[in-house]
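Below is the structure I would like to discuss, written out as structure tokens.
Chain IDs A, B, C, D, E and F follow the sequence of writing; residue 1 opens each chain.
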Amino acid sequence: MPIVTIELTREGVTRQQKQELIKGATELISNVLNKDPGLTHVIIDEVDLDNWGVAGEQVSILRERGITADKK
Amino acid sequence: MPIVTIELTREGVTRQQKQELIKGATELISNVLNKDPGLTHVIIDEVDLDNWGVAGEQVSILRERGITADKK
Amino acid sequence: MPIVTIELTREGVTRQQKQELIKGATELISNVLNKDPGLTHVIIDEVDLDNWGVAGEQVSILRERGITADKK
Amino acid sequence: MPIVTIELTREGVTRQQKQELIKGATELISNVLNKDPGLTHVIIDEVDLDNWGVAGEQVSILRERGITADKK
Amino acid sequence: MPIVTIELTREGVTRQQKQELIKGATELISNVLNKDPGLTHVIIDEVDLDNWGVAGEQVSILRERGITADKK
Amino acid sequence: MPIVTIELTREGVTRQQKQELIKGATELISNVLNKDPGLTHVIIDEVDLDNWGVAGEQVSILRERGITADKK
């Protein structure tokens, strides 16, 4: 019955990546909690870069400065 | 003061249906909890079919296979 | 597949009232959107009076002043 | 580490206003809770007027009647 | 920067299981989206059985009838 | 009409601090968006340290290691 919500910035996440997130989150819940995967919901919430802030700065401005959240 | 959030897939819900959801949820809260309906908020959050998954599958793929959440 | 979240102040809502909210919200979704009720989830989130504010005031303080959200 | 989510109606909030909300919310958390502002996230969720209801009415209908949430 | 929220019923999830959910969700985001894991937050929200409903029924009542969400 | 939700770790936030968060968030919305403060709701959601993770680690474990989110 779990519900997993993934909030992330809207920066070109592909349909395939979304499917991988849905599949992966469902398997994680199933493996750790022994839950029937048929009852797990996953919702992906993409947020515009102007609408997300961290450290007091809009992410859209951080990106203009070349600051990303990517792995180094 | 209650806040009701309704998350559903973005599949052509009409303005009239949204108004019925808002009216119905507000009345439900008012009837069951004896709350002043003037203080109840209802928010409808429509989620793209690529962004919702159930049982590890994107709803957009389920719909392509003819699987719906409609009443039988 | 819809998910209904009801946030309200923790003020003695009974188990029976919660069941009425769950049943009523599920029927509302089913009636308005023609959705299979078996797929609808309802989550009730009770919030402590110190943790909810309206008009800049903690609800716990409003209640001490005799201000409620009940129907007149 | 706090996360601040601001839900509001989609009515022409500018990029500059969003930045002011992000900056202000981050400073508020930092001042009141003594939290490192670098760890605070702010998410602004703009909701279509058809998708928000108060007192059982769609906000889009309230606006057509000239009813706003602006300061008097 | 992603934020993952996992809502589940409060049914004895252990501290160790929570750590596995946190670790697994963070790795999933990192692997699929190439995000710096240091910026991912995971929040687990445990919901009382009286406060969660599915198919119009309180989960606490479903459990009393022997209906679980466990894998078969 | 805005709704501000503040999620933070449950680490001894006082009633007075909660009131300051409620007052400050309401004033911020009022000042930036010119909204009637009477219509703004603020909800504070305190999350147990075992139920919040960052960088793949439970906050309860980070705290045991002496890692805080406090301002330096």
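Just so it is clear, a contact is a pair of C-beta atoms (placed from the backbone, for glycine too) under 8 Å apart; a residue touches a chain by one contact, two chains touch by 3 or more.
Keep in mind that this is a model prediction, so the values were computed, not measured.
Setting subunit C aside while every other chain stays in place, the touching chains still form one piece.
By residue number, more than half of the contact pairs of B-C reappear in one of the listed pairs B-D, A-E or A-D, namely A-E.
In summary, the pair subunit E and subunit F forms a contact in which the copies contribute largely different residue numbers, shared numbers making up under half of all those used.
Put simply, the chain farthest from subunit F by mean CA position is B. Relative to subunit A, the chain whose mean Cα position lies farthest away is C. Rounded to whole angstrom, the centroid-to-centroid distance between subunit D and subunit E, based on C-alpha atoms, equals 27 Å.
Rounded to a whole number, the gap between the C-alpha centres of subunit C and subunit E is 21 angstrom.
Annotation: 15 Å between the Cα-based centres of subunit D and subunit F. Multi-chain contact residues, meaning those touching two or more other chains, occur in subunit A at positions 1, 3, 7, 21, 25, 37, 39, 41, 43, 52, 54. Chains touching one another form the pairs A-B, A-C, A-D, A-E, B-C, B-D, B-F, C-E, C-F, D-E, D-F, E-F. The residues of subunit E lying in touch with subunit C in their complex are 7, 47, 50-58, 60-61.
By the touch rule above, subunit D contacts subunit E in their complex via residues 1, 3, 41, 43.
Those residues of subunit D lying in contact with subunit A across their complex are 15, 18-19, 21-23, 25-27, 37-46.
By the touch rule above, subunit D contacts subunit F in their complex via residues 1-9, 13, 17, 20-21, 24-25, 28-37, 39, 52, 54, 59, 69-72.
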